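Before anything else, here is the set of structures, which you'll find just below.
The same subunit A turns up in both complexes below, where it pairs with subunit B and then with subunit C.
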Partner chain A sequence: MSAYATQRHSPASFSSPASTTLFRRLTWEGTVPLEIRVDSKELPANSNRGLEVYFIQAARVTYLPLLIPEIKRFLLDVVFDEDAARLLKEEDWWFESEEGNLLKWHWPVGLIYDNHTTLLSSQSGASSSAKSAAAVPLRLILHLASPPTDKLLLSPSAESCKQAFMGQLKEADFIRWGNTKRMTGLRKQEQDGIWEGIKEHNFDDYWRVASKVTPTTTPGRPSSPPVQSATSTLHARPPSADPQGAPDRDGAYVVRSVPVRLYLPEGPVIQDLAPPLLEDGSPNTLSDFLSLHLPLLFPAPSSSTQAPRNLAYALIQGVLAPPEAELAWLGACMSGADGWVNICIGLLREPGGR
Partner chain B sequence: MLSSATLTRSQFQQACKAFIAKYSRSTSSDFIEGRLHGWSWAEHPTAPGFGFMSRLVLLSWSDTASEPDLDAGEVGVAEVTDDAARSLPVSSEALTCYQTVVFSPTYQVPAFYFQIHDSKGSPLALREVPKTSLLFGHAIPPCDTTSFGMTPQESTFPVLSQGEHPTLGTPSWYMHPCGMPSAMGGLAAEMTAEDAGGSEEDATLRWLEAWFMVLGNLVDLRV
Partner chain C sequence: MALTGSPDTNAQHVPSWAGGEPADNLAEGLQALETYKKKDPVKVIVRFKAVGNAPIMKQNFFKVTVSNRFQAVIQFLRKELGWKAGEPLFTYINLAFSPAPDDTVSNLYRSFATDGHLIVNYSTTAAWG
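Up next, the complex of A and B:
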C-alpha cells in the first residue's frame, strides 16, 4: 500500500485500450476458493460421510445458483445414495458461512467472499487480516431444506439469478447516464448473450454485449491535465468545453455518477451518487469518496496535519485498493459483471497497519 | 421551489416526517386521506439517514381472479370468481402486509416495498401476490410472471420483482421505481406553479402526496 501512496501514476497511463482490456480481463478471471460441506445434521441416511466436502475455485463474477449443478453432481456421484438423491430439491438449498452468516444467492461470489473477509476483520478474536485471509477457502455450509424466507430472497434458480443480474445492470445504467436507454436498447438476443457469458464464463461473449453499456476509457479523458501546466488552468473547465478533440459521450469521465456501493461489516449497504469529477474538475478518487462517506474510518487529509491514519481498508475485487484510484477508472475497469463497483470496508487491527 | 422529478435523501426524510405528522393523527375516512393513514418512521439502528416509513395492513384474497391460468388448488380461491369466491372460507383468510416507503438511491425517488404473509406466517410467492387485494389487477398490463418478477409482455424489465430492502437487507417485493422520475417530472412542474411562496417542507410534502397518488393507480392503499 505504501508503494502506491508514494508513486503516483500519470493519470493518462491507464487510459489506453490495451490496459483497459487487461484490467477487465484480470477482473473477469478472478477466482475465490470455496470449501462446501453439507450440514452434517441434514445428510441423508446412508450418505458417505468421509467425502462430503467439495472444493471449488469459483469465478468472482458467478453466482451460487450457477454452482449448484456441479455441487449436485458431486453429491450424487459420491455422497448420496439413490434414495436420498430422489428426494433432493435444489430450490430449497441455501448456504451459510461457517460462522453462521447467511449468504445471499443474488450476490456475485466475489462480493460474498470479500464481504466475508471484511466481516471477520470486525469480529473480535478473529485473527485473520485481509492479507492472511486472501488464499483461505471460504467455508460454506450447504443446507438442503427450509431456507430462512425472512432473510434470503425466495426461489433461487438460474433464471431468478439472471433476472437479478439484469436488474443490477439496468440500475448501473441509470446511475451512469440518468436513463436506461443503453440497456433497454439491447436486443433480446444480446440480453440473453450477456448472461450466457456469465454462465459459461466466456469473456468475449460477455464483453461483446457489455461494451455497449460500459463506459470507455478512451480517447483521453477530458480532464487529464498536462503534467507541467499550472493548476489554475485546469479547474472549472467543463468537459464539453474541452478543445482537444470531441469528448467521448460514452467516456468513463463524463458519466453522471459511477455505480458504487459500500459494504460495511455491519450496517446497511451505502449507495450514493459518485460523480467522476469533483467540483473543481479534478478526478474523484477513492480516498475522496471514502472520507466523504466514512470520515471516521477514512479521515480527510487537512493541510495542518500530516496524512491522517486510516482505520480501515477498502477491498475491490479482492484487491486492496489504493486511495488515489479514480472512481471513473474503477467503474470502467474494476466493476463486477453486473456493472457495480463493490467496495468492501474492513477494519484495520493493528495501529498504523496501512 | 421543488420542481424536481427526483428527491435527495434528506428531502425524502423531510417529506416523510411532514407526511406522517399530517396524516398519523387523522382519522378521516375521506376518500383520499383514508389511504394515507398509519405510517410511522423507522430509523436504521446504527446508520443515520437510512430511515424509512412503514405500516402494517391487513389484506384479503381478491374475490375476482385476475388471471385465467391460476393454478387450481394452490390458493383455494383462485379458480372461482365473484359470488362463489365470497362463500369460500379461505377467501376470508387475513393476510398481513408489511409496507414500506424507502428511498431508492439509484432512481432518487421513494420506492414502495412490501411483504405479504399468510395466516400461517409463510411469505407469499409472487404468483400469489396478484390474487390478493393489494394490486389493482386492471391497472397492471398482462405480464410474464416468474418466481422472481412480473414483466409486462411488451417490456424487457419487470414492474414488480424481488429485491433486498435497501435499509433492512431483507427479502421484499417492490414496485420498480424506474418509471417514477418521468411520472413525477410532469407533476412536479405543475405543483411548482401552485406552490410559489410556500416553504420547502410544504413542497416536499406535496411532492410525496403526489407520489402516493401515482402509486395509488397500481396499489390499493386503503387500510
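Up next, the complex of A and C:
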C-alpha cells in the first residue's frame, strides 16, 4: 500500500491512548496454527502422497478464502502433477474440521479456532482447558469437489468474502450508533483500503480507516483534533441516539450498544443489545452480560449465594477474558476486524468461581 | 431472558458449588447447553419493503419463527416474488446493511426491530453497498 506510506506513525495512535493502541495491536497480531490436509479420497492420481499436509500460522483477523492462494500454490508446487493442476477448480473447494463440521467462509479464522477450542470442552474425553489447547494446530480437511453450497451460504471468492465483511462492519456500525453514517461516510478508496489491510495483514492500513468507525477509549475527554475534524465533516447531522453535547461523541461509553455475539459450543449464536453502561450508570461488564443471557452457565450473584459457581468460561480472541472486563472497552480494543466482539463459551471441568 | 420459552425446566438451580465434583460440573454445563440449544417456537412479524424498482408485494407482513436463519427469509421472499434462481435480489435490514445469511431472525429481531416489526428491504440492484 505505497499510496499510504507517507505517514510514519500508527493511525490508531491519533485518537487513542497508548494502551488502546497496544491492545489493538495485540489483537491484530494474534495468529492461530492450522494444519490443512487434502481429503485423501479426493487426491488426484499421481499426487505426491505424504506431502499433502500444509501448515499455516494464520492471522486471527483473516478469512479462509484469503488463505486459498497460498494453499493452492503449495499444492501445485509440491503435491499435484500437471494434469491434476489443470483440472483444479478452486471455486469447488471447501473446508471441514476433523470432526466433520463445515467451516464457514465468512467467519474470521480466529473465531473458527476459538469456536473449535470451546467445542472440544463440551465433549467427553477431550482435553478441556483452553490453555492446553492453545498451541495445538486446528486440523482442517480441504475438499476439492462437491461443495455443499446450501450450507456454506457464500461462494469461496475473496469478493463475496469482502461483501460479507463490509456487511458485518455496517451492522456493527448500526448497533453502535443506530445508523451507518460512519461507514457510508467512508470514501470508496477507504472502504477498499480497510479490506486491503485485512488481505495484506497491515495494521496501519487497516486502522487508518477503522479508527474513523471504531469508538475511542477516552471517556470524558474530547478526542484529538485530527479525528474530530475528520468525523464532523463526514457526519453533518449528529446521530439522534447520541446524547447532545457529550464530551466525546465517538467514545466507547456513549455508544447505543456494543456489537457482541456469544458463541455456544454447538450453537446457537446469541446476539442482543449490549449497552456500555447499566441503568445505574456503572459499566456493563462481561460478567453482567453473561449472567443476563446465560444464567445457567454464569449464575448471577445473589444474597443467598455469595460466590456463584460458573460452569463455563469466556474466550475472546483466544484469551480467557476476566469477568470484570467492560463491554465498552472490549468493543474498542478486542473486537475483530469486522467490529464484532466474539465471545466463545467453553465448559469448565472444575468448578470455577469469579 | 428472551432466549428460550422456558429456560428453567431442566435447570438445576441448586447451588451445589460447595461439594461439586468435576464430573457434576461438566454434566450440569452440558445440560445448560442443551437448554440453550432448544429452538424457540416464538414467531415475530417480518415486514418486506421494496426498494427502487423491485416489485411490490400485495401481502408484505409475515409471521416468521425466530429460530429461522436469515437465509430462509431470503428464500421465502424469492419464492413469494416468483424469483428464478440466479436472478439478483439484494436484502437489507432497516435500509442499512445486509446481515450474515446464517444469523437468526431471533438475533436480528432483538437488535433491529422497529415498532414490533423486523423490516427487510429488497432490491434488484445493490444499494448501500
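The working rule: the second predicted complex is superposed on the first by the 304 of 354 C-alpha atoms of A that agree within 3 Å, B and C clash if a C-alpha of one lies under 4 Å from a C-alpha of the other, contacts with A are read in each partner's own complex, and residues count from 1 in each chain.
Rule of thumb we're sticking to: a contact is a pair of C-beta atoms (placed from the backbone, for glycine too) under 8 Å apart; a residue touches a chain by one contact, two chains touch by 3 or more.
Just so you know, these numbers come straight off a predicted model, no measurement behind them.
Trainee: Determine, for the superposed arrangement built on subunit A, whether subunit B and subunit C clash or fit.
Mentor: When both complexes are placed onto subunit A, subunit B and subunit C end up clashing with one another.
Trainee: Is A:Thr149 contacted by the first partner subunit B, the second partner subunit C, both or neither?
Mentor: first
Trainee: Comparing subunit C with subunit B, which touches more residues belonging to subunit A?
Mentor: If we count touched residues of subunit A for both partners, the winner is C.
Trainee: For A:Glu159 in the superposed arrangement: first (subunit B), second (subunit C), both or neither?
Mentor: In the superposition, A:Glu159 contacts subunit B only.
Trainee: Which holds for A:Glu171: it touches subunit B only (first), subunit C only (second), both, or neither?
Mentor: Both partners, subunit B and subunit C.
Trainee: Looking at A:Thr180 after the superposition, I want to know if it touches subunit B, subunit C, both of them or none. Which is it: first, second, both, neither?
Mentor: Both partners, subunit B and subunit C.
Trainee: Answer with first, second, both or neither: which of subunit B and subunit C does A:Asn48 touch in the superposed model?
Mentor: neither
Trainee: State whether A:Asp272 touches subunit B only (first), subunit C only (second), both chains, or neither.
Mentor: Touch status of A:Asp272: both partners.
Trainee: Which partner chains sit in contact with A:Ser40 here, subunit B, subunit C, both or neither? Use first/second/both/neither.
Mentor: neither
Trainee: Check whether A:Arg349 is in contact with subunit B, with subunit C, with both or with neither, and answer first, second, both or neither.
Mentor: A:Arg349 sits against subunit C, while subunit B stays out of touch.
Trainee: Go through the superposed model and pick first if A:Pro308 touches only subunit B, second if only subunit C, both, or neither.
Mentor: The second partner, subunit C, only.
Trainee: Under the contact rule defined above, give the subunit A residues that sit at the interface with subunit B and also at the interface with subunit C.
Mentor: In subunit A, residues 104, 106, 153-154, 163-164, 166-167, 170-171, 174-175, 180, 184, 266-273 are touched by subunit B and also by subunit C.
Trainee: Show me the residue ranges of subunit C that touch subunit A in the complex, using the header's touch definition.
Mentor: 1-3, 7, 11, 13, 15-17, 20, 22, 25-26, 28-33, 35-37, 71, 93-94, 96-104, 107-108, 110-112, 128-129
Trainee: Taking the touch rule as given, give the residues of subunit B at its contact with subunit A in the complex, in rising order.
Mentor: Interface residues on subunit B, with respect to subunit A: 9, 44, 46-47, 50, 105-107, 122-123, 125-126, 146-149, 156-158, 161-164, 166-171, 178.
Trainee: Which bits of subunit A are touching subunit B when the two form their complex?
Mentor: Where subunit A meets subunit B, its residues are 104, 106, 149-155, 157, 159-160, 163-164, 166-167, 170-171, 174-175, 180, 183-184, 186, 188, 191, 266-273.
Trainee: Can you tell me which positions in subunit A touch subunit C when the two form their complex?
Mentor: Residues in contact with subunit C: 104, 106, 122, 124, 128, 153-154, 163-164, 166-168, 170-171, 173-175, 179-180, 184, 257, 261, 264-273, 292-297, 299, 304-305, 307-309, 311-312, 347-351, 353.
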